[in-house]
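Pasting the structures here.
Next come two complexes built around subunit A: one with subunit B, the other with subunit C.
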Partner chain A sequence: MSVGAPPRAGRGRGALLVAVVVALLALMTGWSAAGVGFAPGELLRNLGSLRRIVGDSFPPDWAFWRRLLAPFLETLQIAVVGSVLGGLISLPLAILAARGVAPTPAVAWVHRQAMNLLRTMPDLFWAMLFASAVGFGPFAGALALTVFTVAVVSKLLSESAESIDFALTETVRAGGGGWSSTVRFAVLPQILPQYVSFVLYAFEINVRASTVLGLVGAGGIGMVLNTQRTTFQYQRVTLIVLAIFGVVVLLEQLSEAARRRLV
Partner chain B sequence: MSRPRRSRLPGSLIVTLAVTAAFLWAARAVGFSADRFGGLPGSLARMLAQFFPPDVAYGREVVLGAIVESIQIAWVGTLLGAVLSLPLGLFGARNLFPRLGAWIKPVLGGIRAVPEILLALYFVPAVGLGAFAGALAIGVHSVGMLGKLTADVVESMDTGPVEAVTASGGGAVGVLRFAVLPQVLPEVLALWLFRFEINVRASAVLGVVGAGGIGGVLLNTLRYRQFPQAGAVVLLTVLLVLTIDSVSGAIRKRLVRG
Partner chain C sequence: MSTAETPPAEPAIRFAGATVVYPNGVKALDGLDLSIERGELVVVVGLSGAGKSTLLRSINGLVRLTGGEVFVEGRSVPRNEGAALRALRARVGMIFQDHRLVKRLSVLTNVLLGRVARVPAWRQLLGLWPRRDVDVALQALDRVGLVDRARVRASELSGGQQQRVGIARALAQEPVVILADEPVASLDPMTSHRVMDDLQRINRDLGITTLVNLHFLDLAKQYAQRIVGLRQGALVYDGPATAVGAKDFAEIYGRRMTAEDVLEEVEVRL
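Let's look at the complex of A and B:
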C-alpha cells in the first residue's frame, strides 16, 4: 500500500499464479457444488414444497408457550454452569499456555497444544460424546459447554497474557518474587478485566449453543424442539425458533452492555 | 478515572456473590452432584478406551465420504454467504451509504442470531434431506457475520481514493470499482476464509438434523454404541479441522500482510 513500493519484478509470474489459484478455486467450487447437489433450478421447481413448509410453519402455535418455560430455564442453567465452570478452568490454563508468562517454554507449548486440540471439535460433538458417556440430559450439556468455554476463553486470554506489559513482571522478579508472586502481582491484575469480558462473551455464545444442545439429547429447549420436529409439528417449531431468537438477542444486548461498561 | 478505588470493591463483591449463587442454583438444577462429578473421569475413560483402536475400514468406507461432503457443504455455503454478503456489506457501510447502512446492519445482526442448525430445520423439509439443505443453511447464516464485518472493513478504509475518483468525475460504479474494492478486497477475502474455517465445524454438526455431512454419522454410531466406529469419526474430524485451520490460517496471514 505504501507509495514508494518497488515495482514488481516478475509481473508475468504473478499473473500466472493468480490464474492457477483462480482455476483451482473454480475447480473446488464445481466439485463441491456437484457433491452437495447444488441446484438453484431445483429450488425454483420445488417452490410447491417450499410453500407447503411455510404454510405448515405459520402461524406459530402460540398456545404452546407454557410448555417452553421450564426447558428455557434449563437452557439458561446449562449456559450458566458451562460458562462459570469453563471460565474457572480457563484462567490457569491460559496462564500456563502464554509464552513469556508460563514457567518454561516447554510448559507453554504443551498447554497450547492441549488448547488447540480442544478447539478443533464442534460444540455439538462434545455434547454427543458427553451424552453417551454420562447419559442424556442437561448434565451432559453443561459438561459440553464447559469444554467449549475453556476452548474459547483460554485461547483469547492466553493471547492477552502474551501482550501484557512485561516491565511489571520484571519489577516483581527484581524484588525477589518467584513465579507465583509474579503471576499474582504482575500478570493477573493486567488480564483480569479482559478475563471477565471474555467469559461474558463465552456466555453469549453459550446461550446460543445451549438452545440446540437438546437436538442431540443434551438437555434444554432443544429437547422440546427435537420432539416437535420429528413429529412434524412445525407451527410449534416456529414458536420455539422465534422464542430462541428473542432470548438470544435479549441476552446478547445485556451481556454486550455489561462488557462495554467493563472496557 | 479519579473515582476512589475503594467504592468499587463492594460492587465486585456483590457481582461475585451473585455469580456464585447463580452457579450453585443452576448446577443443582442441571444435576451436578459430588458423586456424579466424581464418577465422570471413570465413565469418560471407559468410553474413550472403547474408541481405540478406531475402525479403519469403517473410516475408509463411510467416514471419509461424509467428511468430504462436510467440506463441500462448508465451501458452497461460504461462497453463497460471500456472494450475498458483499453487496449487503457495501450498502451497509455507513461512510458510503449513511441512511441505508443504519438499517442494513441491524438486519445482519438479526440473521446472525439464528443458529444455522435452526435454519436447517426449515431447509431440510423444503429441499429434502441431504447436503444441499446444509449448504443453504450455512450460506444464509454466514451472510449475517460476513455482511457486518465487510461493512466494518469498508467503514474503516481510507476515504482519500473515494474523493479522488469522485473529483475526477467518477460515478458510484467508478468509486466502487477503483476506490473501494481494491482497498477492501484482501481483508474481505481473509474474512471469507475465516468464515470457511468456522463453517467446516458448523457443517460437521448439521448432519444431526439430516442436512448431510459427518454429524449424522457420529450421532448414529454413538446411538448404537459402536465406539470403534465413533472413534474413527472423531479422529478424522479432528484431523480435518486441524488441516483446514492451518492451511486457511497460513493463506489469511499472507493475504492481510501482502
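Let's look at the complex of A and C:
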C-alpha cells in the first residue's frame, strides 16, 4: 500500500489542529468564566438555600389555577396581536428588501438596513421603549412583539423571496406585466407557504416572549409569576411554571403540525 | 385612432442588422437581417447555441440588442424597461419550453396572466378580473381544448396539458405575434404533435404571426410554411419548408443528420 504514507502525515497534522483548537477553546472559556465571576464554591455553599426553595415549591398549589386563566388569556392575546400585526408588516417589507424582487437595488438596500436595525435591538428594549410611550401594560407588550415578529419574519421571508424561481417573474413580464403583477402572480404564490409557516413560528416564540415581557410589567401570566415569586409563594410559582410549560408545548405541537402541512 | 395605425405594408417582424453580444463575449446574433410577414408561421431551426432563443427573446425585449434594430409591425422594440416596452409585450405572446405556469394557481388564473397588461393593478391584487377578460381567457382555453379544466390547479395537469395552457395564456393576450421557444422540447412525440397542431390551427384561424424555435427538422418541415436556419447567430437558410433538403441540413447543423435530429423513428426523407 504505497498510498498509506501521505494520509498518515495528513492525519497527524489534523490531530495537531484539533488539539490547538481545543486548547484555544479551553483558554477562552476559562478567561470568560473568570470574567463573569464563575464560582462553583459559592453555588455549593448556598446549596442549602436552594434546597429550601425547592422544598417550599412542592407540592404545587393546584387551587391557584382559577386565578391563572385570565392572565393566560392575556398572554395569548399579546402574542396573537403581536404575531398578526407583525406578520402583516413583514410581508411588504420582506418583498421590498429582497434583492431581485424589489423594484430597484436601492429600494432593496434601504429596506434591508431597516430590517437590520430592527433585529439589532432586543425585544426587551422595544418593550421598554413602548412602555414609555403608551405606559406599562399588555399594549406595550403587544407592540414590542409586533416589532420582534417583523424582525424575525421579514428577514426569513426576504431570503425566501430571493431564492424563488425567477423564470416565473420573467414570464409575467413577457406578457406585459409590471412590477405589481410580477409580485402578485410570480412572487407571492411562491413564498406564501413559507410566509404562513414563519408567522406561526414567530407566534410560538411570541407566546414564550410575552411571558418574559410580563416579568417586566407587560401584563399576562409573566406578571403573575413575578408577583408570586417576589412574595415567596413558591408553590404557586411551581404551578405557573408547569402551566406555562404545558401551554407552550401544546401550542408548539399545534403550530408545528400546521406548518408541516404547509411546506 | 387611425393615424396611429401602421401601414399594413410593414412586416410583422423585421430585424435590421440585429446583433446581440452577451457580457461574456458570446455573439448570439450577428448582424441579422430578416423579415417575417404578417400571418406567417415560421420555424427557426439550428443547433442549441445557434442563437434561436436570443432571436425570439429580442422580439419582446427579454434580450436587448447590442446593435441594429428589431421592429414589430414597424415599431422599434424599446431598449429599456418601461411603459413602452410593456405595451409592446402585451401584443406579443410567448410560449416557453418549461410551460412556466404558476403551479399553485388555477388554470384560469394562469391564462388570465395574459391579461395583466390590460387590467388595473388593484383588480389583479384582489383577483377581481373583469368579466370581459375572464371571457377572453375562457375562449383561449377553449381553443386548446382545456376549458373544462379551468378551475383545477395548474399542477394537476399533465406536461402536454400544461404546455397548452401556456399557449392559451399567450392567446389571451390577443397578440399580433406569438413566439414559441422550443415548445415541445420536453414532450413526447404524440404530445408534441398535439401542441404543434394547436399552434398551427391558431395561426391559420386567427392569422397571428407565429415564430417557433424547434430542434427537430422533421417537425419543422411538417408544420412550417417557411423555415429559417441559424448557425452561430447568422442566417444560413431561409426558404419554404417544402424545399429543405439534406444539403441545407448540413449547412444549418454543420454536419450530417442523425436520428437525434428527428422527433420520430421514421425513415428520414430529406
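We adopt the following convention: the second predicted complex is superposed on the first by the 233 of 263 C-alpha atoms of A that agree within 3 Å, B and C clash if a C-alpha of one lies under 4 Å from a C-alpha of the other, contacts with A are read in each partner's own complex, and residues count from 1 in each chain.
Just so it is clear, a contact is a pair of C-beta atoms (placed from the backbone, for glycine too) under 8 Å apart; a residue touches a chain by one contact, two chains touch by 3 or more.
Owing to the predicted nature of the structure, the values given are computational and were not obtained by experimental measurement.
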Side-by-side fit of subunit B and subunit C on subunit A, or clash: fit
Partner chain in contact with A:V80 - subunit B first, subunit C second, else both or neither: first
Partner chain(s) touched by A:S180 [first = subunit B, second = subunit C, both, neither]: second
Which of subunit B and subunit C A:A98 touches, first, second, both or neither: neither
Greater residue coverage of subunit A in the superposed arrangement, subunit B or subunit C: B
Which superposed partner A:E252 touches (first subunit B, second subunit C, both, neither): first
Touching partner for A:L145 - first (subunit B), second (subunit C), both, neither: neither
First (subunit B), second (subunit C), both or neither touched by A:E170: second
Contacts of A:E42 with subunit B and subunit C, given as first, second, both or neither: first
Overlay on shared chain A, then closest C-alpha pair between subunit B and subunit C (Å): 5
Intersection of the subunit A residues that touch subunit B with those that touch subunit C: none
Residue ranges of subunit C touching subunit A (in the complex, touch as defined): 60, 62, 86-94, 96, 98, 100, 102-105, 109, 113-114, 116-117, 121, 124-125, 169-170, 173
Complex interface listing, subunit A residues touching subunit B: 28-29, 31-33, 35-39, 42-43, 46, 49-50, 53, 56-57, 73-74, 76-78, 80-81, 84-85, 116-117, 120-125, 128-129, 131-134, 137-139, 141-143, 208-209, 211-212, 215-216, 219, 225, 229, 232, 234, 237, 241, 244-245, 248-249, 252
Residues of subunit B defined as touching subunit A within the complex: 19, 22-23, 25-27, 29-32, 36, 40, 43-44, 46-47, 68-69, 71-73, 75-76, 79, 110, 113-115, 117-118, 121-122, 125-127, 130-132, 134-135, 201-202, 204-205, 208-209, 212, 215, 218-219, 222-223, 225, 234, 237-238, 241-242, 245
Partner subunit C, residues of subunit A touching it in the complex: 167-168, 170-178, 180-181, 184-186, 189-190, 192
